[in-house]
Each structure stands twice: as C-alpha cells, then as structure tokens.
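These are the structures, in structure tokens.
Two complexes, one shared chain (subunit A), two partners (subunit B, subunit C).
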Partner chain A sequence: MILVEIIEGPLWYIAAAVFVLGALWRIIGILRLGRRTDLSVPRSAALPGALKALFRHMLPHYGFFNRTKLHVFAGYLFHLGLFAVLFFAAPHITFLEKRVLGFGWEAMPRWAFIVAAQAAFAGLILLWFRRIADPTMRQISDADDHIGSWLTFIAMLTGCLALQESNVSLRALHMLAVEVWLIYFPFSRLMHAFTFVLSRGYTGIVYGRRGITP
Partner chain B sequence: MRLVGCILLLAAALAGALVANLPSPLAVSPATAADHVPGEALGTESDSDLWRRVRQGESFTLSDPRLGAGVLVQSEGEEWRSIRNGPVSWYGGILVLVGLGATVLFALLRGQVKIEGGRSGRRIPRFTMAERSIHWFVAAVFILLAGSGLIILFGRYVILPVIGPTAFGAVASAAMQGHNLFGPLFIFGILAMLAVYAVDNIFQAADAKWIIKGGSLFGAHAPSWKYNFGEKTYFWLVVFTGLVLSATGILMEFPTLTETLQYLQLANILHGIAAVLVIALAVGHIYLGSIGVEGALEGMTAGTVDENWAREHHDLWAEDVLREIAEREKTGAGIRAPGAAE
Partner chain C sequence: MTATKAVQAFVDTVDAAAASYIEACVHCGQCARACHFYETNDDPRLTPIYKLQPLVKAYKRHKAPFSGIKRALGLAPAEVTEDELNEWSELVYDTCNMCGRCTLVCPMGIDIAAMVRKVREGFVAAGIVPEGLTGAADRAINIGSPLGIKPETLRKIVNEQAQEVGIPVELDKEGADYLVILSAMEILNFYEVIGALARIFKQAGVSWTISTDAYEATNIGIQMGDKEIARTLVGRIVAAAEKLKVKYVISPECGHAYTALKWEGPNLVGRPYSFKVIHILELLDQLRREGKIRTSGMDKRRVTYHDPCQIVRRGGVVKQPRALLNAVSEGFVEMKNAGVANICCGGGGGVSSNPRAEDYRLRAFASKKKQIDDLKGIEALVTSCANCRNVIEEAIDAYGMELPVLGLTELLAEYLDEGGAGEPPKPAEA
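Entry: the complex of A and B
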C-alpha cells in the first residue's frame, strides 16, 4: 500500500515536474537557437509560409503518397487514437480535473474510448513493425526510438488492463508506467509532440520568405 | 376416582381446544388461498418442492415484470460451468501441453532444418510489406490475446495457488480487460489475413506429392508452391478457428446481441475450444517459422529469402519467381527493391 501511495503521490509530482520543466527547457533551448539572418529580399511573408508548412505537411506530397500510405495510415490511427484516449477518456478527465487543472470537460462515451484505444494500439503495432521491417527506417532508428515506442506501448497497455477501475494496484501500475514515460519524454524523440510545430514552422519561414510553398 | 375423572375431563377439554385450533390437513391456509405464496411451509407445496422448481430453471410469474426474468435460477449455467471448468479446461490444457511437447520433441529429434546447399548469397523477394505488416499485426495481437486468454482459462489452477486470491483478482481483471480490448483488433487482422493470403493457400495438385513424401521435415524435400501442404493446412485452421473465435467473441463482448443465455454459454465453450486448438498449433508454427527452419524467418522480417532456401523448400514457387525476375531483367522492367515500402 505504501508503494501505491508513493506512486500516486510524490512520484507523480516528481514525474510531472520533470516533464514540464524538461519540455520547457528543450523548447526554450530550440527557440534560443534563433535563425540565421536572411539578407535576401523576401518574396513573400514568413508567417504564412510557417502556417502553410504546419498544415500542408499533415498530408504527404502526392508524389510520395503511394510509398508512404502505410506510414500515413498507421500514424494517424495511432496519434488520433492516443489523443482521444489521453484527453477525452472519462478517468483521465477526472484525474486532470482533480489533480492538475481544477476543471474538467465532457468525456467521450465508453464505446468511443474503446474504439480510440483500439485504433491507437493498431497504429502503434503497425508503426513498430514498419520501424523494424523497412530497410531505411531500420537504418535511421536507434535505441531512443525503440525505448520511446515501448514505453508508450506499456503506458497504454497498463491503462487498458486497469479499465475495470476496480483494482488499486492496476491503477498504480498504469500510473507508474505513465510516470516513467513522463520522465523519459523531454529527453527523447517523444518531444516531437511539441517540436514538430517548431521544425515545420522553421522550414515554412525559410521557404516562405523565398516565395516557395514547402 | 373423582379426582382422576376430573383430571381426564380437563385433559380432554384441553386436547379438544388444541385440536380445534390446529389447521386441518385439507384446509387451505389464508395466505395460500388467494395465490400460491412461495415458502409457506404449511401451504399446498413444501419449501423443498418450491426450491427444486426454482433450481430446475422453471419460469415463474413475477408480481412486477420490471423485476426481471421469471427464471430465478438459470439451471443450464451449472452445466456450462461444469463443462467449461471440466473438460474444456482439462483437455484444453492437455492439448496446449501436447502442442508444446510435440514441438520440443521434434526440435530434439530433427534439430534445425538447415539449408542443405548452404546460402547462395542471392536473395529473392518472398513477402511484400503488406503481407508482412498483416502477419506481424496478427501475431502481436495473437500473443496478447493468447496470454490473457490462458490466464482467464487456466489462471485459477496455475496462478491462483501461487500468488493468492487478492493478487490473482488483479491479474484476472487485467487479463479480461486486455482480452476484451484486443479481441476486435484480431477480427480485423484475421479478415485482412484471409484477403491477402487466401489465394496462395488454395490446395493444389502438388500438395498430394508433398503429403506422399511426408513433407520435407523428415529428410527428403517435397515439391511445393509458395506454401506447402502443412502451411496451407495451418493457414486454413487458423482462419477457421479465428472466425469461430471472432464470432463467439463478438457474442460474449456484446451479450445483448442475443437474448438467449444458452447461446452465450455455447459461445464461451466454443471460444475456449477454438482458442486452445489454435494456441497448440501456433506453438509449432512459431518454432518452425523462427529457429526450426534455417532462413525461414528472413522472409517475414526482411521480405526476402535466400535462393537456395527457396529452391529447397518451395521449388515450384522459386522457379516461378526466378523466371519472372529473369523476364523483368530482360525487358528492363526492373524489380522492386526487397523490403521496399508498397
């Protein structure tokens, strides 16, 4: 019981603090890098270029679609499923309301929660397979990618195993997995959840000034 | 004498009064007269008769239909329980152990099936990215389902005595939730597998020769197309049991689909039988597809196999593929890079 209290008490606050401070540190670090001064006369505005890049890169270039359809399909399946489960599952909203934000919002129905979780799992399995089976992906993947994938999988799995919400130890196991994930997050490529905006924005700004749609 | 006479008279009067107050065996009690009230010991039927009728699953008319079904004890449930916890668990457990034992025995007797001609160094494409994605998707979900399913079916005999009831309660709850969650993914996987793999798994004339030779597992190599007779049989057994598992699983996950409880009980029994059968088969498949046959796993990981492996295990298919490669080279059509994304 003491272990459960530690997991749900001090360890949660430590993990949350590491996540918030670590992520801020990384983002501020990237922002402080700034960008090189571009002395050329801008042909177009930078900001619209950044916004364009941000949204247009959500779909692959039509010339590459056939080669990346599995990646696109699995990627959206996983990310949308995870997003829905993370922010619209009733137990998560209750937790965020009571422990973090002080306010809640409408939860999705249980059937939608189950479908979203299944989509997330299906997407994650397909992405994991692509990472190990595609020769290029295999070459560019390192331990960080695999650790990030597995920690995400374990956090999701333990959450689903605790779905009955009848066992304290299962809930604590899920929280422990999430805490490990939160601590690992800022120091890994899981940060792409935040940094994709910066990287796409940067590309968009650079090319936007040149009048090119990236 | 007078005293004795007085006492007898008094006793007779008391006895008369007592008898007069006793209900007659033929009389109907006020409570049961209006309706048959259950549990009235002195009513028209005894408690034991009443509870026997309840136990045998007789339907009663309830005073308020909102109370639920008129059947108070679903007696067939006991039969289901005794079958599920009896023969299904017992013979199912034996079947899984037989599958495991047969695989170990085969591994000990035959050892790894080597590429006799050694590796040629030339690779030929065997499985596309789509085929491999579906295979590994089904494999991953199957492992999660088989693990949780085995806990649900055998946990009370194997895990409970070791970790105790409290911890087992958590394990069983987790297994059930995981099983229910991953089940629908398996349905998608098995249907996708059927769509992608079925064509090459249709039985062909060459399969008869493979059967006569006893396959290539006992020494001599037998002719085979992309899949040999054993692989095709395994595929169709997996599809058949997979569809049974899917249909019965849907019934159990959505019990309101049927109002007849017996269908759910039958579904549960069939689910258990199909599950232990496919798990027992999968043990052999996993062994042969990984370490049992040299070079086999590469087809499912990299998408390509060594040419000598292909010629030894799937000669008819290998000739076909090599002919196609030669024609493409001749026409300059090009060959898809092994493992390239679809």
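Entry: the complex of A and C
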C-alpha cells in the first residue's frame, strides 16, 4: 500500500511538475530563438494568415484527401477518442476537480466512453501499424515515435483496466502509467500537442504576408 | 572540418520558426504524398522531411531545449559526418525543387522547402554544392548572369527586339517609372518577351527601362543556399533601381526571382527598398483592369496553365494569370490541382542548373505530364516562368510529346489590338 500512496501522492506531484515545467521550458526554448523582423512589404496581414493556417491544417485541403485518407481517418479516430476520454470520462473529471482544478463538469455517459476509448485504441493501433508496415514510415521513424506510441497505449490500456474503480492496485497502475507518460512528454515528440500551434502559426505568418495560406 | 562548418551553419540558421518545425514534426510521412520526386521514384529516402536529417541532428545535438542533458546522457543524436553530408547532397540538391507542395499536406504546416534552403546553407558552408550551381554562381558574380550574358549581349538582343517590333527601347533611362529585369533564360531563349513588353507598355503608356548594370533577375544564391551571393545579386538590382530613380522594379516571368527580390531581398540587404516590387503578371492584370491594354480576338486552342511554384504557391500571384488568360483564350481549361496545389515542373530550386540531377528531373516531369494528359486534347501549355518553360520544353522532347509551351506575356501581346479602338479585354471570372 505504501507504493500506492507514493504513486497517488508525491510521484503524482513530481510527474505533474516535470510535465508543466518541462513543456514550458521547451516552448520558451523555441520562442527565445526569435525571428528577424521581415522587411519585405506585405500583401496581406500576418495574423489572419496565422489563424487561417492554424485551422486549415486540421483538415486535408487542396485536394489531398484521397492520398492521405488512412492517416486522416486513423489520426482523427485516435485524437478525438483520446480527447473525449481524457476530459469527459467521469473518473478523470473527478480527479481533475479534486486534485487539480477545484471544479468539475458533466461527464459523458458510459456508452460514449466505450465508443471513445475504442476509437482511440483503433486509431492508435492503426497509426502504429502503419508506422511499422510502410517502408517510408520505417525510414523516417525513430525510437521516440515508438516509445511515445507505446506509453500512450499503456496509459490507455491501464485506464480501461481501472475503469470499474473496484481495485486500488489497478487504479494505481493506471496512475503510474500516466505519470511515466507525463514525465516522458516534455522530452519527446508528444510535445506536438503544443508545438503544432507554433509551426502552423509561423508558416501562416510568412505566407499570410504574401497573401496565401498554404 | 568540413562537417564542423556545416554543423555550425545548421545551428546558426535555426530560428524560432525552424525550431518549431523540427519540434512539431510527428514523422507522419504525409509530405511524401505531395512530392513529385517521391511519387516518381518510390524511394523512401525522398520523403521531404527526411531530406532535413543533417540539420535536424545538428539542432537536436547542439541547440534544442534539453540538448545539453541529452548529450550528457548519451541520448542526443550523433554528430553529423562528412560522409553523411555527401550522401544527403543528392536529397538536398537533386531531388528537391523547394516547391513547397509538401507544406500543403503537412498536418503541422511545416515549411519544408524553407528548411531545405537552410540545409543548403550548411552545405554551402561545407563546400558541398553540385558543380552546376557553383559554376552558375561564378558566372553570375563575375559576368553578371548565370548563363554568362554580358551587357553587350543584352544590348544587342534588346536592339534586335526593338527593331523587330518597331518600338525603341531606351536602356538606363533615368526617371523611368518601371525598371524591367529579365531572367537569363528569357534573354537567351525567350527574348521575344522583350518585344512583347515593348508593345504592351507602348499601348498602356508605361514608362520603362532596362539597366545594363542589373538586367539579371535570376538569383543563384537563393537556389544554392548562399546568402552572400544572394545578397550581392539583389544588391545590384537595388543599386541600379535607386540610381535610375525608378518607382517600381518589375519581377519577370521567373519563379525564384520573385521570391528573391520581393520577399527575401529586403531582408538580405537589411533595409526596405526605396521602390516597389511588382510582378509582371500583377502589372499586366492591373493595366487590363484599368482598360489600358486593348486586345482583339481570342486564342481558339485548348490550353492549360502551369503554375510556377514560387510565383503562385509561395508568391501569392494566383488570380492574375487566370484573369489574363481568360482575356485572350477561349479554350483555357484548368488542370487538376491548379493554382496553389499545382505540381512543379521538376526543374525549380536549382535542379535545372544541376546536370547531375537530370534523370531525377525528367522522371519527376511524369507527374506534370499526367496532369496534362488527364485533360485530354491540350494543344498548348501556358506558363509564366522562363525556367519552367525551358524545363518543360526539354521534358516534352524527352517524353516524345508534341506540345507548344507559351509565355503568358507573349500570348497576351499576340492578341494586342494595336489598330486603335479595340475592345478592352473581357472581365476575368477569377
């Protein structure tokens, strides 16, 4: 039981601190590199370009859907499913209310949780399978891609095991998996959850000035 | 030592935007789906994001957040080696046009073409640049043009064109409104454009000139990734424009020349210009809208338009060529992916100046050929970049096709109504 107390107590605070401080450190580390002021005369404003790029790259555009449908399908399944489970599963809301935010919100019904979790699993498995099966994906993938996928998978799997909340050990196991995931996050490609705003934004700024949003 | 110079240049060139691109990439491989080199070679190494590998490794080892900790723990990528640079030279210079189509499909919106430019800067620092490009750079710096065109050659060609169309062209005319610069390919291969401009500008009442100090729009420095050369070449145009006190410099039918002068030039010379830069298509469309260009008759052929990447996708001049084409062509049809998502000719980004890349370039044209073939019955291809035009003409020969390739300015001049009170062109649908 001491292990459970450590996992649900100090280790949680350590993991949360590493996650928050590490992610901030990395984002600030990118931003502090700065960019030279663009002296060219713009055709249009930069900010609308950045906002347009931010939303435009959420969906396949310029007719590329047919070439990328597997990735789009799997990507949406995984990300939407994970988002729903993360923020609308009843135990998560209770945890966030009691341990982090001090307030809660309406949880999704159990059937919706099942659908969302299955979508997230299916999406993640499809994405990872594509990564190991496609020669191009193998060429560009590294250990971080696989570790990030597997840690996410394990966090999701232990979450399902802990769903009944009937077994303290299973709940602690899920919490431990999440803590490992949180500690790994700032040092890995999982950071794309935040850095996508920067990359889309910078491209939107450059080309927004040129009157085009790629 | 060679690799060290490259690594230093890679590290120096990474700013916040470049860092965000490296940090955001999730290795999803979508960029491969947009690349005509990948598509026509089926080689995983040609995946656009993979071409950045030496720079990514150097950044992650030396500059990225946590790179010190990772290095200490042995978790940082290994140092880039000279062998690696030599291996990547093919990926960086021979199989990338910096066309930017991969950015359209990237879920993170990464400007991979801009990153390839940064990778090339490292290769320049290391002295690992294909001979075709270094030769062109030497000629551009020492003679004034990558194709070795001297001022006397320019004078001769301009005079011949002036005589042919019966309109005098005054060189080095101080106080003209517009300074015309040309790409080397236009001066040597497609010089009729000079006569076409003389006729159009005479009708529109445009005051213009060409400088014998800076007639060359092509910027090999931009293509090979050499900022010093790029700065010198832009600087020549800026100096000539300011000496002649022109109000505008017209960027010609040349893709990367527009990027070099309009978008990167002020940053290279470190100050805003005292004149404005306008693309020739923007100016022609403006004159058309103002009713200063009168045309008569319409081209009856079934034609389509090839979008030069740097003018359209990376330059923002999308509607103007369509408006101009619709003014003189009855049979204009768009190819699939027309406009911002159009496919490169295969010769951009210095690939056409690099003989080592010829096989790749010709294979890449298969993607363009498919676009043309899918339209069925195309009788002429129109474009607005002399390099695209030359590359496409060569590829058409190599593929045994028969298809005239036309410059848009010349096509417009062909239908110019010089008889007097002709009809202004019909308004464009675009």
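Assume the second predicted complex is superposed on the first by the 212 of 214 C-alpha atoms of A that agree within 3 Å, B and C clash if a C-alpha of one lies under 4 Å from a C-alpha of the other, contacts with A are read in each partner's own complex, and residues count from 1 in each chain.
Here is the rule we go by: a residue touches a chain if its C-beta (ideal position, glycine included) is under 8 Å from a C-beta of that chain, and two chains touch if they have at least 3 such contacts.
Remember, it's a predicted structure, so these values are computed and weren't measured experimentally.
In the superposition on chain A, contact is made by A:202 with subunit C only, not with subunit B. Using the contact criterion defined above for the overlaid structures, shared-chain residue A:76 touches neither subunit B nor subunit C, since it reaches no partner.
With both structures placed on the common chain, the touch criterion links A:88 to neither subunit B nor subunit C.
In the superposed pair of complexes, A:68 makes contact with subunit B and with subunit C alike. After overlaying the two complexes on the shared chain, residue contacts for A:135 are found with subunit B and with subunit C alike. Of the two partner chains placed by superposition, only subunit B is touched by A:169; subunit C is not. More residues of subunit A are in touch with C than with the other of subunit B and subunit C.
In the superposition on chain A, A:160 makes contact with subunit B only, while subunit C stays out of contact range. By the touch criterion defined above, A:126 lies against subunit B but remains apart from subunit C after alignment on the C-alpha atoms of chain A.
Shared contact residues on subunit A (touching subunit B in one structure, subunit C in the other): 67-68, 71, 134-135.
On subunit C, the positions that touch subunit A within their shared complex are 14-17, 19-21, 23-30, 32-34, 38, 44-45, 47, 49-50, 63-66, 70, 100, 103-111, 114, 262-267, 270-273, 276-277, 313-316, 318, 336-337, 340-341. In the complex of the two chains, the subunit A residues touching subunit C come out as 22, 25-26, 28-36, 38-41, 43-44, 53, 56-58, 60-64, 67-68, 71, 75, 131, 134-142, 145, 186-187, 189, 191-192, 195-196, 198-204, 206-207, 210-212, 214.
Against subunit B, in their complex, subunit A makes its touches with residues 66-71, 114, 117-118, 121-122, 125-126, 129-130, 132-135, 157, 160-164, 166-167, 169-170. Against subunit A, the residues of subunit B that register as touching in their complex are 129-130, 132-133, 136-137, 140-141, 167, 169-170, 173-178, 181-182, 184-185, 188, 301-303, 337-342.
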